[in-house]
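You will see two complexes here that share chain A, one where it goes with chain B and one where it goes with chain C.
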Partner chain A sequence: MRRLLGLLVIVLFITLFALVIASGGLGYEVPPLRVRELARQFLIYAYNPFNTTFTAKSPEAVTSIVWDFRGLDTLFETLVFYLAIIGALSLYRGVESERRTEVISLGLSPIVKTVTKVTTGIIIAVAASIALHGHLTPGGGFQGGATAAVAPLLILIVFSKYFLENLGLRKNVLLALRSIGLLGIGMTAFSALIVGLMANSPAYVFQNQPKPDAPVGLPAYIGDSLISGTLWFFNFFEMFAVAAGFTVIFLLLGIPEGEILKQLKEEAEEH
Partner chain B sequence: MLEVIAIYLGQALIAIGVFCDLIAAIGLLRFPNFYLRLHAATVGTIGGAFVPLIGAALLAIGSTYLGAYRWFIAGGALVTAIIVLILAPAGSHALARAAHRSRAAVVEPKVVDYLEEDEVSKSG
Partner chain C sequence: MIDVFTFLFTICMLSIVVNLGISLYGVLYKPSLIKKIISLTIFSDSANITAIIIGYVRWRNPGEIAPPVLLNPNPTLEDIEEFAKVAVDPLPQALVLTAIVIGLAVTLFLVFLTLQIYRFYGTTDVRRIAKLKG
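Right after this comes the complex of A and B.
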């Protein structure tokens, strides 16, 4: 009966999906041959040195949209992520686990430890590349930060929580790093406005490139390198904030093996 | 001439990879216990991912019509291959060690288990 129901759902889904496609729900050419008008606008304005009204001076359309065209939305998204972390932190406040300095014998076998030592460096390098090239290639601060957070997670699992804390990646250090990242995002959002106030010229919050009515803005190039004004800085600070935020959560959720072993021993003695 | 050799060698390595993947898939379905299936899975990662990635790198080097971009493709494939070569054995080692130490996976049918004999002789 259950199998028949599952089969019925699958057949119904396929029939309805075919009906939607056949009646032109996704357009009559899939994939469409023409670029839609909205997408065309973004593609034109993302990097356009001749149109100073709208351009973000970044060849990556997604990053231009996320940190320039709708920068305020992204700021609020970032805030939602930090509120979630703040919630977890306030839930765990006062919960302190013991600290240990003797950690050589803990963790997985030497084979796994050696491989982790090699790959942790690679992960950090890839994360930095994703975040710092976010305005040139697909990627960005959040993706780079999430990738970078895999490195401490691997250390947490392979070497033990004590080892990660002895490396200096303690809760308060990570919170400070996260706050620096957030502060950097805020400062970047206000940077054009601050420059405008000092130069006594009109400027906007979240302004990236100079506009016709607000001639200040951040430089698109430093030397010969394209940094797309504020976009590089947003990605840079977002990477730190996201990596530190995720690592704090991993630290909170990770239970030290010493306490688990103690618990197991007590349970074994009871029986 | 060298390009033609690289292309044929690359295609041969990819064919070996396809064969290894097929064997690994059959092994994962048919082998009776966890450790044997883990063995089949590593056949799939080393024979079925590392070897064809090297083949893809050679194939890219041989494809002269790609211009300078073939070196990017070849480099990417080679780096991925090396990372797979390092990570896959470490992962399967960690899995096997954890499964054996926690006795989560029973070695059955068993021909010989030296690790278990060592543990028994150590503990008494």
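Right after this comes the complex of A and C.
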């Protein structure tokens, strides 16, 4: 009976959602025939050397929205990401994994290991290019960081968790790396304000390019290279925060189950 | 007569909506916590695809639509106007991009919670966990 009721509710949900689409709730044409006026404004001002009031000086419209036009949203989404990682870590508080120095015999076959050694370098290079070219081509800090986190995951599976720790990627090192990334994001958000205070001129938090009432801002070009002011730094630091955050989670998931159960039992006996 | 584009896009939208319904069924009625998490990821992915398709542009001929990336390094005003005409909506893409990473982090947190529940109670069945005391 309850199952039937649930099924009815879900069929009703599908019908109502279809009704919303059919009645033009998501726009009369899905997908629309042309972009909305708001999107057109974003596209025009993403890289516009003729309008210095609104431009983000980044040819990639998505990155200029993520870190300039709607930068504060992204900052708080990074905060949610940070909290989710912290929540996962807090469940593992007090769990200490043993260290091993003899790691050669562990892991999969030499063929897989050799292939992994080659591909890990390629993965890191691709991740760096996605993140550091995020203001020029599709990509950015989030994508680059998520791609970079695949490399330690591969090493974790193919070699072993102990091999990864012997490389220096221990829990505390990764946490420090992630904190540096988050600190960098915070510093970049305040960079224009700090420059403005030093130059005794008005400036805003999350300011990228100079504005008419706030003439300071980060340079869009270094030499001949376009870095789009703060966007390059945001992408760079976000890559570290995301990659280190995911890697620390994978490391914790790689702790053998027996060790954790043993420590939980010891903890229960103490109480 | 029949507009092929409208037909194909309608099939696409319909499958997304049915996908949302099925994943809701999984979240609500599957007793295993792992299956609930899997359903939740399907739900969030379907919602992301909905957002992307709303930001898409219906095109008839090739070249009428382009990614929201300006390829010309020294554009004139006309180039920028032309770019704004052909590019798709970048705003849903920006939202979905962050939603995917946050969704991944939240999923990992839920996996950790489920793992901890399994360690303490020896089951991930919500019907049995609800009956436990302590």
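What we mean here is this: the second predicted complex is superposed on the first by the 220 of 271 C-alpha atoms of A that agree within 3 Å, B and C clash if a C-alpha of one lies under 4 Å from a C-alpha of the other, contacts with A are read in each partner's own complex, and residues count from 1 in each chain.
Keep in mind that, in the parts below, a residue touches a chain if its C-beta (ideal position, glycine included) is under 8 Å from a C-beta of that chain, and two chains touch if they have at least 3 such contacts.
If you're wondering where the values come from, they're calculated on a predicted model, not measured in any experiment.
S.K.: By the touch definition at the top of the document, which applies to A:L4: first (chain B), second (chain C), both, or neither?
M.R.: Neither partner.
S.K.: Taking the superposition as given, does A:V95 touch the first partner, chain B, the second, chain C, both, or neither?
M.R.: In the superposed model, A:V95 contacts neither chain B nor chain C.
S.K.: Touch test for A:G245: chain B only (first), chain C only (second), both, or neither?
M.R.: In the superposed model, A:G245 contacts chain C only, not chain B.
S.K.: Quick one: is A:A146 in contact with chain B, with chain C, with both, or with neither? Answer first, second, both or neither.
M.R.: second
S.K.: Under the stated touch criterion, which partner chain does A:I122 make contact with: chain B (first), chain C (second), both, or neither?
M.R.: first
S.K.: Touching A:Y47, do we find chain B (first), chain C (second), both, or neither?
M.R.: Once the two structures are laid over each other on A, A:Y47 reaches chain C alone.
S.K.: Determine, for the superposed model, which of the two partners chain B and chain C contacts more residues of chain A.
M.R.: The partner that reaches more residues of chain A in the superposed model: C.
S.K.: With the two complexes superposed on chain A, say which partner A:G27 touches: chain B (first), chain C (second), both, or neither.
M.R.: So A:G27 only meets chain C here.
S.K.: Touching chain A in the complex: which residues of chain C?
M.R.: 9, 13-14, 17-18, 20-22, 24-25, 28-29, 50, 53-58, 67-71, 73, 75, 77, 80-81, 83-84, 87-91, 93-94, 97-98, 100-102, 104-106, 108-109, 111-113, 115-116, 119-120
S.K.: State the interface residues of chain B toward chain A in the complex, per the touch definition above.
M.R.: Chain B residues touching chain A: 83, 86-87, 89-90, 93-94, 97-98.
S.K.: Could you list, by residue number, the parts of chain A that touch chain C in their complex?
M.R.: Chain A residues touching chain C: 3, 6-7, 10-11, 13-14, 17-18, 21, 26-27, 29-36, 38-40, 42-44, 46-50, 59-62, 65-66, 70, 73-74, 77, 80-81, 84-85, 87-88, 91-92, 137-138, 140, 142-143, 145-146, 226, 242, 245-246, 249, 252-253, 257, 260-261, 264.
S.K.: Contact residues on chain A for chain B in the complex?
M.R.: Chain A reaches chain B through residues 108-109, 111-112, 115-116, 118-119, 122.
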